[in-house]
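Labels A, B, C, D, E and F are assigned to the chains in the order they are written; within every chain, residues are numbered from 1.
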Amino acid sequence: MDIQGMLAVAILLPVVAAVLVFLIRQYQLRGLIVIVTAVALIVNSIYFLKLDLPMNFTPDNPIWGTIITVLDYAILLFYIYAGLSLKNWLVLIFALTQIIPLAWWEFGVGASHALEEIKPAFLIDNLAVLMVLVISIIGSLICVYAIRYMYDHEEHKKLEKSRQSRFLFWLVLFLGAMNGLVLADNLMWLYFFWEVTTLCCFQLIAHDLTKEAINNGARALWMNSIGGTAMVAAMIYLYNANGGNIEYLSLSNIIASGGVEAFLLLPVALMCFTGMIKAAQMPFQNWLLGAMVAPTPVSALLHSSTMVKAGVYLVIRLAPAFNPVLGMIVAVCGAFTFFAASVLAISQTTGKRVLAYSTIANLGLIIACAGLRTELAIAAAMLLIIFHAISKGLLFMCAGTIEHQIWSREIEDMEGLAEKAPLTTFITITGMLSMFLPPFGMLLGKWMALEAVYAVPLAAILFVLASAATMVFWAKWLGRLLQVTPKLGKKIESLSLSYSVPLWSLFVGIFVFGIGIAPLYDRFIKFAVDNVIPIQHAFTEGWQIILPDAATALSLEKGVGLLGSYPVLPLFIVFAIAIVLPLLFVKLKPQELRPIYLCGEHAGDVDTDEWYAEADNVSKLELGGYYFESAASEESLNAWVYVIAIALLVIMFSIALGVSL
Amino acid sequence: MPVMLPTIIRNLFGGPATRMYPVQVRDPFEGARGHIEFDDDKCILCGNCARQCPAAAIEINKEKNELVFYPARCIICFVCAEACKKDAVIASNKWRTPYYTKPVEVHVAKAKKEKAKKE
Amino acid sequence: MGIIQTSQVKSPWILHFCNSSCNGCDIEVLACLTPLYDVERFGIVNMGNPKHADVMVVTGPVNYRTARVLKNLYNQIPDPKMVIAVGACASTGGVFHNCYNILGGVDKVIPVDVYVPGCAARPEAIIDGVVLALQKLSKAVGVAK
Amino acid sequence: MAPRTIAPFGPQHPVLPEPIQLKITYENEKVVDVVPALGYGHRGIEKACELNEYPKNIHLCERICGICSCMHGISYCEVVERLWPMEVPPRAKYLRTIWSEMSRTHSHLLWLGLLADALGFESMFMQFWRIREKVLDLLEMTCGSRVTQSVSVVGGVRRDIDDEQKKICIRTLQEVRQEAEALINVLATDPTVKARTVGKGVLTKEQAILLGNNGPHLRASGVKEDCRMLGMQAYGELGFEPVVETDGDCYARALVRARETLQAIDLQLEAFSKMPEGEIYVRPKGSPPANEAVYRCEQARGEVFYYAKGNGTRKLERLRVRTPTFANIPSLLVMLPGSELADVPIIVLSIDPCISCTER
Amino acid sequence: MIENLKEISKDTLLQEVQKFADAKARFVTTVCSDLGDKLEVTYYFNYSPGVDMVALRMVVGKDEEVPSISGIYLTAVLSENEMFEQFGLKVKDMAIDFGGLMLLGKDSPVKPMVKDDAAAGKGGE
Amino acid sequence: MNQVWIAIIAVVVAPFIGGLLAGIDRKLTARLQGRYGPPILQPFYDFFKLLGKSKIATNRTQFIWLIAYLVFMITCLVFLVLQQDLLLLVFLLGFAGISFVLAGFSTKSPYSHFGANRELMQILSYEPILLLFALAVYAQNGSFMISSIMENSTPLLISLWPVFIALVIALTIKMRKSPFDIATSHHGHQELVKGIMTEISGPYYALVTLTEWYELVLVLGLIALFWSNPLWVGILIALGAFILELLIDNVNARLTGGLMVRICWAAALILCVLNILYIYFMRGVA
């Protein structure tokens, strides 16, 4: 297949499929289309690996440029409409701040003609392909998951009129937009895809049409519109400050400048800011938290494994164009988000909000890595993107599955799930462990990040504190799931195929990628890193990860040989001995069971959780989790978080302005 | 800040205060209430002790000429020793050792028998 | 005797449970832990948790409510276990024999291995009692193996 | 509302030597609600006292509580003596005072040890109990038993303290006072102890009175009230002034008891010096007449209330005992909510609970 | 002889107790005793600070209901529960009602302190 | 091959050292309290006795986490003796800690639950200190490998003494000593009964004991790194720190969880951060 066809499959096929899905109202057929699209996307994305990367592509027909411009304005006009109809002035204002400068620039200044000349339209390098793989594989699995999920969702809500088609329309459409986004090199096109993702995001968050859903959707819309505005500003500046030259309206050219051109720093900072909003970095974390009202596939697809990754993707892309000071401040911004989100996650009582905060935190970590701009840091960022997409996608799907078993999102209600739904719990627990503990990939990424972060000591300290907080909120949730009364002979629940295939695929993915990370890095990820920063060192040795000491930012006179090492295989063997073998072989005989210790007053048999209280009344044991409201709640910390985060942004822009002007 | 430090250092070098029971046994005080014994030779089965015992540890069986004592019930108040006019209840300052099964002491009141014989 | 059997005799952990006791024996049980008597010399530790205990030290007579607790606690102790009834009340009900809410000694509810007499039982007697219980334990595990 | 945890605290719990259950509702570790469950120590002694002949009841009353045993015995004797009414010889009064204070010393040292233990300050616990053993030795020497003294009888006391013993007592008490003073100094100044006790379980003066608190618990809230002020036994002849603290928190309660320990030793020494020679026992005539009497006495834990009603026979018509803890337990319902789980043992201990007293 | 004893009826009880509460007196205890066909209830108060004790006494029939003073003095709740389970004295509106199972267990004797009830020693071996 | 032998020897010998240290701990604590104390070998008696107890349980999952706790602790020790990555060692130690917490959580028992939550607070307290220790070592040596510490001739203690103090605080938590013995207590009466251990009994309790011995050796080993050339000085320092802990245990009351987190974060932030920044700037100047 040639590149043109592959791009068409990656970008246009989802659009076509989306329209089909929207039109077909029959459950099975609709599902089939989604599955076929998913398979096509996955196969197609794997074919990208076979290409001779990197390569450029620009469609021959200029009509595409015109279509995009028209749709651009259509989207922005829709925003205006949305702002007016919802009476949400922020949406309206930030739609206007995009459309007016854009129209003025294209038609007032008359740049529209020149803009059609930007080449190439698409840049297909390893980094882009890596993103395409993440989007196509994980995104498709989530779409498959959504088929059944939405069915159950509406069953439970007892809707009269099915709105599943509409939902799947936006979901599948989004895949195309996302693929376009990561492949685009032309800033105008990038901007267009960016806006499409924002639109999908708005529609999907507001899907349930409750007041809360619409409000939160609108919030996501206006916050991301700020990002869009920043991007428009960046483009206009790039055009005007360069004397009406379109040279720097292409990502590859900005990057190629390598941070030397002083005037480029401001637009880079602006686009970086756009990316940070999309990645829900502090102080813009609220839209992502609000987005959790959406049905869970939305959260899984948009708000953890793909769309928010667009933000970090952009920051990583632009990393070579930072100057060292900007890099440092971006690193601190990211590290601060990592820290603050991890701490705030401790006080969350809703499962999806914990996942959201964890996502924000990890995106912060990735952005911090991008800001560090060393080979090691970028490699860490890449690994984190991959592993985070797998683990978090899985966890969101687990959260959705759990929600459909207990019809609640509250962590408190998940008590003893290990008994009610052992299979789901098993997968969930594995997913959670893979988020923060060795030997899994996320930890490998975090470990590399920590080894790389020393160049910015402030970020290092924030990393350390955040790591500790991360352990706490995951462990609390894990504990909740495990907390059961003594009982034998659990029965395993059955999951529908639409649930279990994506779940098990990602479950297997965690292990396959986790174990095979070294070869994978060597064969593929290494080149993606090279797209950002030239690689000089091999980080692998067989199946192990070995970091030579020269890979750090801090050059030391002493040659000690090794910076660090991560023996992947031995650690997985340890994991197998520690968890898997006991899981298989530790057995408990019924006669060994005893009731729990309730100060000697337990009432009943071994599975009891009741005791005799005052006046011989039987009282039921209740165990609530700890959420440290007084120390870590949003009410007590948000003010601080906002002040510091805004201060950091102000510093970032002052630096960029100071250098540029 | 560590106000307790001098005390524990003194403890460390001053040697333990432990009395190495059962290797070292300190004799109980002279007047300590340890346990009671019965002098069968003196007992006349008057029943003073049994009547005044708060724990009902002593039973008198006049027909069999027996005084039955349940040591496990005894609360060692020594009221019996004070009540006994014949000094048949001997107050000892040694504590009674533990046992696997609750003992029952049967005392045949010899003094009473002799008295009966005389009559 | 194997190492496990030797250890079982050398490391009795205690669960102290006070029924409707008058406290007299309880403070004497506690006094055993203090410097003057220091039962930790024999490896005795007061655990306060039935699941870790080997020896249950019970004081006081059983009343209607503690009978239930006593039975529950006894069942939660893993084998091999010993029960020591400390004091006259725990053995038989003692001075409370005619109180309306008293069932009697501990042996009305659970099997007792060693009785320690006294009111209140002296610390020395309690130590003797534990030693006696351990002798019984060592015989029991010796026979079992 | 934060998620709640509802769990039992007791009857069998390592920090509670005695069985009582508190059904505690927590938010995180903060206590929001407490329901006490009693009945684990109830024996029915009041009824048994009506069934026995009155001299036997001394031993029953002494076993209402093993720690307060000496003063329960004395209180019972005094309330029965008031039925006639009859007067005991002065030396007996002094002896009763000395033994009361001696048992107060041992009880307070025991409590200070338990407090240290609840604070996780094991070495201090050991030291307090090490000192306490000396006091117990004195009790054993003079009364014959370490715990249940059984020295008081209706009409006087059973044993006398001879000069030899008096000398030993005075010497030992002085030693104890010195050692206790040093330890109490540690307790009062150690920052970790202060961090755990200052401001915990605060009761204001008004709250304390309305809740019917008594004893050191009440005095720590700034109420100068002590039944020894009534001047029974020999207290009227000794220079006695109640110990009062004003803060009403656990730290204040600890200080009150610590200072009372020293005061008790001083009172004993004074009583030894003033003790007159003479008889120690007069035999009561006949049976308790049909009369009623009330007697209040300051035990280590607070005011004990004895009510006796005679009917002319050898048995009592009614005996009622209201022990200090019985009146202090309701204050837990006020103090515990709002505290941390870690403070629960300290606050519970701060009333010096004696469950066997409470439930009889 | 009891000093400072005042005879009252159950209707004036709350009124009288309220006077003590206003005077910041401390509640000491209640004493209930069985007079055969009636119950005699005495409430003791202590003027704090100080050691002056005052008593209120009322005589009620065995099936009569008396008001609870636990609304005024929370601490009376234990005594009132105790009177209920030991003598069967019905107390209305107690702040915490243990339902007759505060001190007694489910299997314990009922109303053990009542005279005609022969609740003699069940204990012993 | 040589390395395998070192690892095996370490895994076999460590529990003996740990048990012996635990015995010394109990004996010395007793002496500090004016008691005679148990025999030095008492921990071994306890261990073997527990092995011989009958198994009772409330939950199966608990055992899996306990085994994970042990296995990961042993792995940490192997990492130490094979002079592997210090940072990864700390993360592995984190897994061990989390396993223990999950063991506590995996039964619906109130005291186990309280204990697990408090253990989490402990992790929150000491984890930053350990991670910052690794960072400080890196600041000093330019590598996270323990082998680099061993090769370095200048002892870490000279430049990293503030971190050492912070690590002693972490050691107090790890050894579960007063004032920070809040999650489970080895002796004495606690409001949490036995915290996480409440539902763990018999042979599995023995497993936890074994793990604690490994942990003790591991943490003392980490402290010994502060004077790695010659190592015997480091070992002496570690033993000194061990005895210091016993003294601290006996002169302090137990504090609450909140205070512990505050003290540790303050110590971690102030001592470690100043130390790291100092080294950082000194290097910048040079």
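Going forward, contacts are C-beta pairs under 8 Å (C-beta built on N, C-alpha and C of every residue); 3 or more make two chains touch, one makes a residue touch a chain.
What you see is a predicted model; the values in this text were computed from it and never measured.
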Furthest chain, CA centroid comparison against chain D: A
Central subunit by CA centre of mass proxy: F
Two chains joined by the most C-beta pairs in contact, as defined above: A-F
Identity of the chain that, by mean CA position, is farthest from chain B: A
Centre-of-Cα separation between chain E and chain D, whole angstrom: 24
Mean-CA-position distance for chain B and chain A (Å): 80
Interchain centroid distance [CA atoms averaged], chain D/chain F, Å: 43
Cα-centroid distance, chain A relative to chain F, in whole angstrom: 35
Residue numbers of chain A (touch at least two other chains): 594-595, 597-598, 600-601, 612, 614-616, 621, 623, 625-626
Where chain C touches two or more other chains at once, by residue number: 17, 34-36, 38, 41, 46-51, 61, 63, 65, 69, 73, 76, 92-93, 95-102, 105, 119, 122
Touching two or more other chains - residue numbers and ranges from chain D: 5, 7-9, 11-14, 29, 35, 38-39, 42, 44, 47-48, 51-52, 59-60, 63, 121, 123-127, 130, 145, 148, 190, 359
Residue ranges of chain F touching chain A (in the complex, touch as defined): 54-61, 63-64, 67-68, 70-72, 75, 84-85, 87-88, 91-92, 94-95, 97-99, 101-102, 104-113, 116-117, 120-121, 123-124, 127-128, 131-132, 135, 138-139, 141-145, 147-148, 151, 193, 198-199, 258, 265, 269, 273, 276-277, 280, 283
Complex contacts: residues of chain D adjacent to chain E: 35, 38-39, 42, 44, 46-48, 51, 206, 209-214, 218, 223-225, 227, 229-230, 291-294, 296, 303, 305, 307, 309, 317-318, 320, 322, 326-327, 329-331, 333, 359
Chain F partner contacts - residues on chain D that touch it in the complex: 5, 7-9, 13-15, 29, 116-127, 130, 190, 192-193, 195-196, 340-345
In the complex with chain F, residue positions of chain B that touch it: 2-5, 8-9, 11-12, 14, 16-18, 20
Sites on chain E touched by chain A in the complex: 98-102, 105-106
